[in-house]
Structure formats: structure tokens, C-alpha cells
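Two complexes follow with subunit A in common, the first pairing it with subunit B and the second with subunit C.
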Partner chain A sequence: MENKHITIFHGPQHPGITGNMSIELDLIGETIQKATTHVGYLHRGFEKLIERRTVIQAFTIVCRICVPEPDPNEANFAMAVEELAGLEVTLRAQYIRVMVLELSRLAAQFLWMAGQSGSIGLYAVGQWAIADRDLILDLFEELTGARVYHMYIYPGGVRRDLPEGFLERVSTLLEYMKKRLKDYDDIFINNASFKSRAIGVGIISKEEAIANGYVGQVLRGCGIKADVRKDAPYLVYDELEFEVPTETAGDVYARALVRRAEMDQSIHILEQVVTKMPEGEVMIKMPTHRKFKLPKDDTWVKVESARGEFAYYMAGDGSEKIRRMQVRGPSLVHAYTLLEDLLVGAELSDVALIMNSLGICPPEIER
Partner chain B sequence: METIMFKEIKKHFATDDVEVKRSDLYKVGIKYSRLFELVHMLRDQYDYKILNAITCTDWIEEGHFALTYILTTLDRKHTFMIQTMVNRENTQIKTFSHEFKQAQIMERDLHEMYGINFIGNENLKELSLENWVHTPPLRREFDTLKFVNNNLTFREGRDDNVDTKAETKRLRALKKAAKEAAKKEADKKAKEKAEAQKPKDEELKDGK
Partner chain C sequence: MKWSVDLKGTLSPLSILTAFWQKPNTIAYPAVKKETAKGYRGFHTNFLADCIGCANCQDVCMNDAIDMIKTDKEYNAKNASQCIPRIDYGRCCWCSLCTDVCPPDSLKLEGDYLNVTKHASDFLYMPKDK
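Here is the complex of A and B:
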């Protein structure tokens, strides 16, 4: 029987989609001929809302730009405001921020592991990963009062100091994680089912990755040592030792290996932060929020999120409100420039697998 | 290296608007007519080969958009913000999508949000908005509240539908009435207690 040309929608309601977006797929048989990304199911107008808000009012919504990993948004927002207003945060606050960002990265990688394994039907891994991520969220709840949207990294420092015994509890969790991650190697990373599905799928070339501005594991999976924490260090990352893991194959499996190795590096960073945590204040004296004005100036700040470089452009206009804040996460370019190309020639069953490996998060596309 | 680069920019583009914002972040303001030339120079001579973003800020009072092209070096250690002012009415800008593939989607985003027409960009179709016929939403003249009041209706039975000012007034009045009623009740009880106590006191007074 001759194969028929059909068009189907993958998402927005699909377990293999990374958030509320859809991909329109033109297929012949099971092979994709054309892929078109569609977003707009989650447009909440953050960038517009922020234009009408004071700094503290805007602060409460930036974390909502990314559900799996809200903290890089908070860090970027705080760093941009501090740079425009000429504020310098204390050393202790910087260490605490690094701790929060690394815990958040670890939690995001667990969530990725759940999604990536689920995309090929290894559901046990997902259940483990969500349970282990919850242990990190418990710490976040204790520290910030919230599990997902922390609203903790505030311009001028962090919202409150560490509770008593918190660092010990972080250390205990890290010890557990070190042992636990080996189980994930057995059940997921070294699993023959995963290898046979991920090796040689979704290959991205090094040249293309550089030229098109791809970030994160997409670059590192092609052998490019790119990491904002090393390339343009912020906070106290230049005082901490860590490696930037890379792989050379450029496929889904290479990106998975990079992410798994990054989890070890996050643990290594967190151990150093626990040991080196200095004493001192966590918040500098800030102006009353209604009188807190940003000068007419602009800046560009970036951090390394769990999915790659995450940047903010921010402009002030001399008033209490932020004139413009533009979010540049990895997803805009990855979901359009990259994914639409990468899916051509791929099999229908590999769509979720490839998509999960690119770290696409729709809320940061339609800010 | 940076000093040579700045000198070169100042000399070739007749601008003093070059700024070191951070040790890894520079900014230059340039006329739109020289934008492409400067981007090409930075890309070809100084390794700024990665286009990170194109941002836009609406300066409605001054009648222009500030477009900022953000370029990063191949080693990702330095970033350059190239800012150019363009007229905010019927803005026509030449596309960068033929030189930087990622510019295609960035320009499409700005086209939708600001109404800027990027000449040569082959796909400026709607991105996240659907059948949008109003003012592009990130332009300053677009009033979100006015748009909501004019175009959207609230569903019956939802808390959102409540006029918060009137509701607050009503709740305060209820609270006040409850407080007054409680006070009246307490006064009444106290009076009754005092009444009940009175004969006893009189009896004691009489020595009975």
C-alpha cells in the first residue's frame, strides 16, 4: 500500500510535549517531511505587565516565566536591577544565590530526566526522578516558603537568611544524591533501551550550533565548552571549582550524558558552597520600593540555566517602573530555528525524544 | 584589543557613543544607516560572530524605537550591544535573517509585538497571538486595561467579576455592623448582670 501524506498536530495536549505548545507535522508514513512550531497557548504578557509595575511588583512575576527552573529568572532580574541602580550585594547573599541556583539546576535536571525517560516509555525513571526532585523542593520550601516559585533572589540580596541547620540538611541531601544518581545510571543512562533510541538521533553539527546561536547542552553535546559560569562569571562562580562536561556526538544521547555529568558538577559546586559559606548580612539597605527609581540606562545580563544561557535585557527610564525587560531564554531559537530543522527526516516516535533533549520551555517564548 | 576596537569604531563611524558597561559588556550607539557596516566589522574583524538577541524599547515620547542587536564573541567572553534609533511609525528595517539564521524568529517576534516590518524576512506570520487586529501589544500606546475592558467580558459567578471597591466597602460595612451588634449584645448582657446584682446588693445593705 502506498504511503499517504498526512498532517498531524503533536501537542499542545500531549504527554510528550514540553509545555503548552504544538508542532504541526507533515508526514509520509512515519517520516516527518516538514515541522512547524506553534506557540500562543500560554501567552501571559509578562513583558507588557512589567512595563506598568514597580520593581517589587515586577519581581513577583518574573519567576513565573519558567516553571521547571524559575530561579535563573529571579537572578537575572535582580542582577539587572542591581546593575542599573548601582547596588552591590553582600558576599553571603552571593553564595546563597549560587546555592539556590545550583539546587534549582539539580531539580530541573531531575525534571528533564522524568520527561526524557517518559518520552520513550521508561516511566519508572520519571517516578523516581519526580520523587527525588521533591527532596530538593522540600529544602526550597524550608528556605523560601514555596516549592516552585520561590521569589527569593530579590534585588539587593536574598529575601531571608538561611534557617538554622539548613547547610547540614543540604549536605545530607547531597550525600544521598551522590549515591542515588548511580541508580539512575543503571536504570536510565546506561539502559540499552534508552541507548538504542537516543544514539544517532537528533544530530546537530558543531558548525551549525555555533552559527545559529544555540546554547546549553546543544552546544556542549557537540563538543563546545560553553558555559556562562566559566565564560563570563557572575556571582562567585569564579571562586568555585567545576568542570564543563562535553560530548562530541551531537545527538540526543550526547546531550543526555552532558546533563547527567552536569548533575555531578552541581553537587560538587554545592559542596564547596556549603563549606565556604561566609557570615554576614544577606540584604543591603534598599530604598522604599515606591521611591526606587531606575536611571535612564540599559543593560544585558545572563546566567547559565539548566538548559543553557538565559539572558535579560533591561532598560530604565528614570521612573519607578521598568521601561523594558526582554527575556532571551534558550527556547525561542531552539523551538523554531533548531527544532523545525531537526525534525525533518526524523520518525514520528522520536519527536518527543528530540524535543526533550533541547530543553524547550514555551513560557519563555511567548513572554 | 578593546582599545583598538573602540578607536576603530569611533574613527570609522564618527561616534563617541561607545561605552564599557562591564568588563564583558560594551555598548555603541550608531545611526541606522551604518548599522550593517558596524555589525559586519565586528563580526569579521573582532570575532563577534554570534547574534544573541534583537531587543526593542519603545521611546514613545521621543518618537522612536531603540533597537539593540546583541552580539557575542565566539569564545563567549565578550558581548556587544549595538543600539540604533528608528522611527516608530511605519518602521521598515532590513532583515538580518540572511546572515544570522536565528534573526528570522527574533524579527518575527518583534514584528508581532511592535509592528516593525523587517524587509526581506520571509516569514513574519503571527507567532503567539492569534488573529490579532489591534495595536501591536508592546507599543506603549497599547493600554492593556482599556483593551480588557473594551474587548473581554467576565464570566458570571467568578470572583473576578466583583467590583473590588464596592465589595471592600460592603465587607467593611458588614464588619462594622457585626462589631456594633456584638458591642450592643455585650452592653445588654452587662446591664442585665448589673440588674441581677442590684437586689442582692440592696439585700446586703439592709443586713438581711
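Here is the complex of A and C:
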């Protein structure tokens, strides 16, 4: 009997998947004919949970929307609350926020490097990347009291001031990272195995990227210079010098090169933050959580996460609770429109490779 | 079919061999233990001589992880309710909002974070008095 068509599930339990989601693949031989994304394994109902809590209580939930990079969520939440409540954050707090966001971006890129290299069997790179990411998590532990879910960027500022000697330790780490990233170029970015697997795979055109609203490295990998930090500067990004790296090929390798160049830019930003860090308070006086009320108004804020534009819609109704909060991360459109489209015609062994290059994080989809 | 060899790309990954002479990043756990940073958010402690039993910590906890438990002993004359907080570590998310709102600053988080037990009821944790 001829068994030409095969349907398999790639995930939710699969080392090449970027979280608890699955892709249903229709195959002929090794070639994918149709891909269908299935989510629902990770639904925790963040948006609904937030509606049932006071503003201050809700702040502790948002970091859980993205495990590899929780801080853009905290920053978005705090910025939305501050905009609605008309709060002015001190300059020092803004600089500290930028430092946390950039350290978090660097940590997220290391995690991406671990996933991307693991997807093609270069496991040594992954182990190095996880170890180097841990050095950043050590700094987070010292600054925030936690390694992954920091719960640090708080409406009105940040929860703690910098520990003594912290900026020196950041500088030491940055010097180490600058040297260390060259090793990653040798064993991963310039590796012939990676190039042969990544070049010409998962190509996205400029027109398609604009028409479908893709963000982050997907957009920059096909030559579009778009970055929220430059296009709509928030915090103190307009006072800092940095480039927005782009590539033109639009394939997996182009996106990897963009990410690698962004790591250099994050280090450059962090060096400036360390030099320019002003003195002052880190937190303004805030009312207690039962007395803190949001006016009847709504707002839309966005930041640039390590995977692209991350936006929050927030509406208040005059009470101490948030009437509605909507999360718009990069993953929704990347995991449905883009991934389902890119996988058609690709080989089965390229699924994890393509998926990792898009920066998909399932909790953002099922928020 | 045209063959081309990426010589640099083939040889450069061999630099990984130099890692054999590098000191590993890992530590020999459990023989060597890593100290938690100062200010790490681990288990709760409650200095009972200062605790006034106000239940602010219970009120702010978004996970309903804190219960105020009546005690027979009088730890603090100002604690009129004679209630002290008990934490449910099946619910706690270590956000530390409870310690932020504590008026006498008696409730704190310490560096200790390991609790191995056979009984589910041990999740209900009375903070150490310190």
C-alpha cells in the first residue's frame, strides 16, 4: 500500500520547539506540504487575571508573559500606568530601566543563540551561551533579588537602587562579553555548518514583511531599518548613540547576523549608560495599592524587545483595577501567518531552525 | 554540481578546542555551594517582636498566599489581634509586595530557598522569627 502523505506533530514535547506549542505538518517524504500552528497548551489567562487585581498587584503578573525576556513586559506595564496616572519618573530610574532592558536583551540573545545552535546540533555553542547568560542573571540577582522574573521595573520607577559597586561589575562583564562574542563568531556565526544550513532558508521578502506587520529581526533581516528605540524613543534612548543593524537577504542567516550585531549595540548602549548614570532618587512616592486609581482613559505603549516590537493597550475606568489590558507581542503574527507560510516547501529538519530564527514565544500568543 | 569549500568557516570552529584549557563556568555542586546575592528573594522571615498583625501583607498578596494565624503567645504588645502571617508556598510567587507594605518592616525575605519535604502541608510555612 502506498503511504505517500504523512501527518506528524512537531511539538509540544519536542526539543526543537520554542515553548509549549505544536505545529501539525503534512509531509510528502521530507518536504512539508502544509503547516498548521496549534496553541493552547500554555494558556494562563494573563489579561483576564490582570482585570481582577489592583494595579500594583497586576504588576507581578506581567513578567510571566515572556520567560526569556520578562523586562520589556515590566517596562511596558509601568510606562502605560505612568502615562494614564500622569506620573513622572526620575532620570536615574529611567537610566536604570534602560540598563535592565539592555542586559535583558543581551541575555535573551544568548538564549536565542543556544536555541538556534541546538536546532542544528551545535550543542557546544548552546552550553556556552547558557553559561554566559548566567553571568548576566548573576547581575540581575544582585540588582533585583531574582534571576528570571525580576519584578523590578515598577510603576513610578524601579524598586531598588543599584547596589554598591554594581556599575563596575557591569563594566567588567561588558569587557568580558566583548572578547567572548568573538569566540561565538568563530564557532557559530562563521561556522560553515551553520552557514550551509541557514543561508537561503526561510526567506522573507520586504513587501511581505511590511504587508503582514512582521517586527524585529524578521523586518531588519530583509533590509527595513525599523526599531522602536529609534522610531518612537522611550525612556532615555534618544540620549544614547546606537545603530540599527540590518541585512538584506531575509533568510535565517541574515536574521542571525542582525541578532549578533544587535548584541554589540546592546554592549555599546550599556557602556554609555554606565558612564552617564545620574545621581538621584529611583522611586517617586506612590499611594498604597487600594488608593492607587487609574483615570477613565486608555493608552497604547510599546518597547523594542529582543524579538521585536512589544506593545500594550491599557484602559482605566477610575477604579483601582485595570479595566482592560491587551498584549501585542511579536509572536502572534510570527507563529501563525509567517511560520505557517515559511514552512511550506521546507524540509522537516529545518522546522526548528526556521522557528528559532523568528523569535516565537508561545506565552505571548496565549496571554 | 559545483563544489566550493568555505575554508575559514570549516577551520574557525576548531578554536573550540582551546576550551579544554579554560576553567569551567560550572561549580561542583553540592560540594561547592553558590551563595545567593544580598537581597535575594527567598523564604520569608518575620521579626515577631515588631509584627503588629495589621494584615497589610495579606491584603496586598495577589495570590491569596498569606493567612493571618492566631497565636497564643504575646510576641508584641502592639499586636492587638495576636495574628501573625503564614505563607502558602504553593501559591507564593516571591514578588515581595508583602515586605514592601509591612509598616514595622518586620516581614522580610532571606537568602535561604531550599525546602525539601515529603508532606504537601509543609507548603504552609511559618516565617522564621528573625
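Convention: the second predicted complex is superposed on the first by the 364 of 367 C-alpha atoms of A that agree within 3 Å, B and C clash if a C-alpha of one lies under 4 Å from a C-alpha of the other, contacts with A are read in each partner's own complex, and residues count from 1 in each chain.
The rule we apply is simple: a residue touches a chain if its C-beta (ideal position, glycine included) is under 8 Å from a C-beta of that chain, and two chains touch if they have at least 3 such contacts.
Everything numeric in this text was worked out from a predicted model, so none of it was measured.
Judged by the touch definition given at the top, the superposed model places A:C222 against neither subunit B nor subunit C. Residue contacts after overlaying the shared chain place A:D231 against subunit B, while subunit C stays out of touching range.
Contacts of A:R324 after superposition: subunit B is touched, whereas subunit C is not reached. Of the two partner chains placed around the shared chain by superposition, neither subunit B nor subunit C is touched by A:I269.
Of the two partner chains placed by superposition, only subunit B is touched by A:T337; subunit C is not.
Touch criterion met: A:V39 reaches subunit B, while subunit C stays clear of it.
Within the complex formed with subunit A, the subunit B residues making contact are 21-22, 24-25, 27, 49-53, 55-58, 66, 68, 70, 74-79, 81, 83, 100-102, 104-106, 109, 113, 126-130, 137-138, 140, 142, 144. Contact residues of subunit A toward subunit B in the complex are 39-40, 43, 45, 47-49, 51-52, 83, 210-213, 226, 228, 231-232, 298-300, 302, 309, 311, 313, 315, 323-324, 326, 328, 332-333, 336-337, 365-366. Within the complex, the subunit C residues that touch subunit A are 6, 8-10, 12-13, 15-16, 19, 25-26, 36-41, 59-60, 62, 93-97, 100-101, 109. On subunit A, the positions that touch subunit C within their shared complex are 53-54, 56-58, 60-61, 124, 131-132, 134-135, 138, 141-142, 145-146, 149, 151, 159-160, 163, 183, 185-188, 190-193, 195-196, 288-290.
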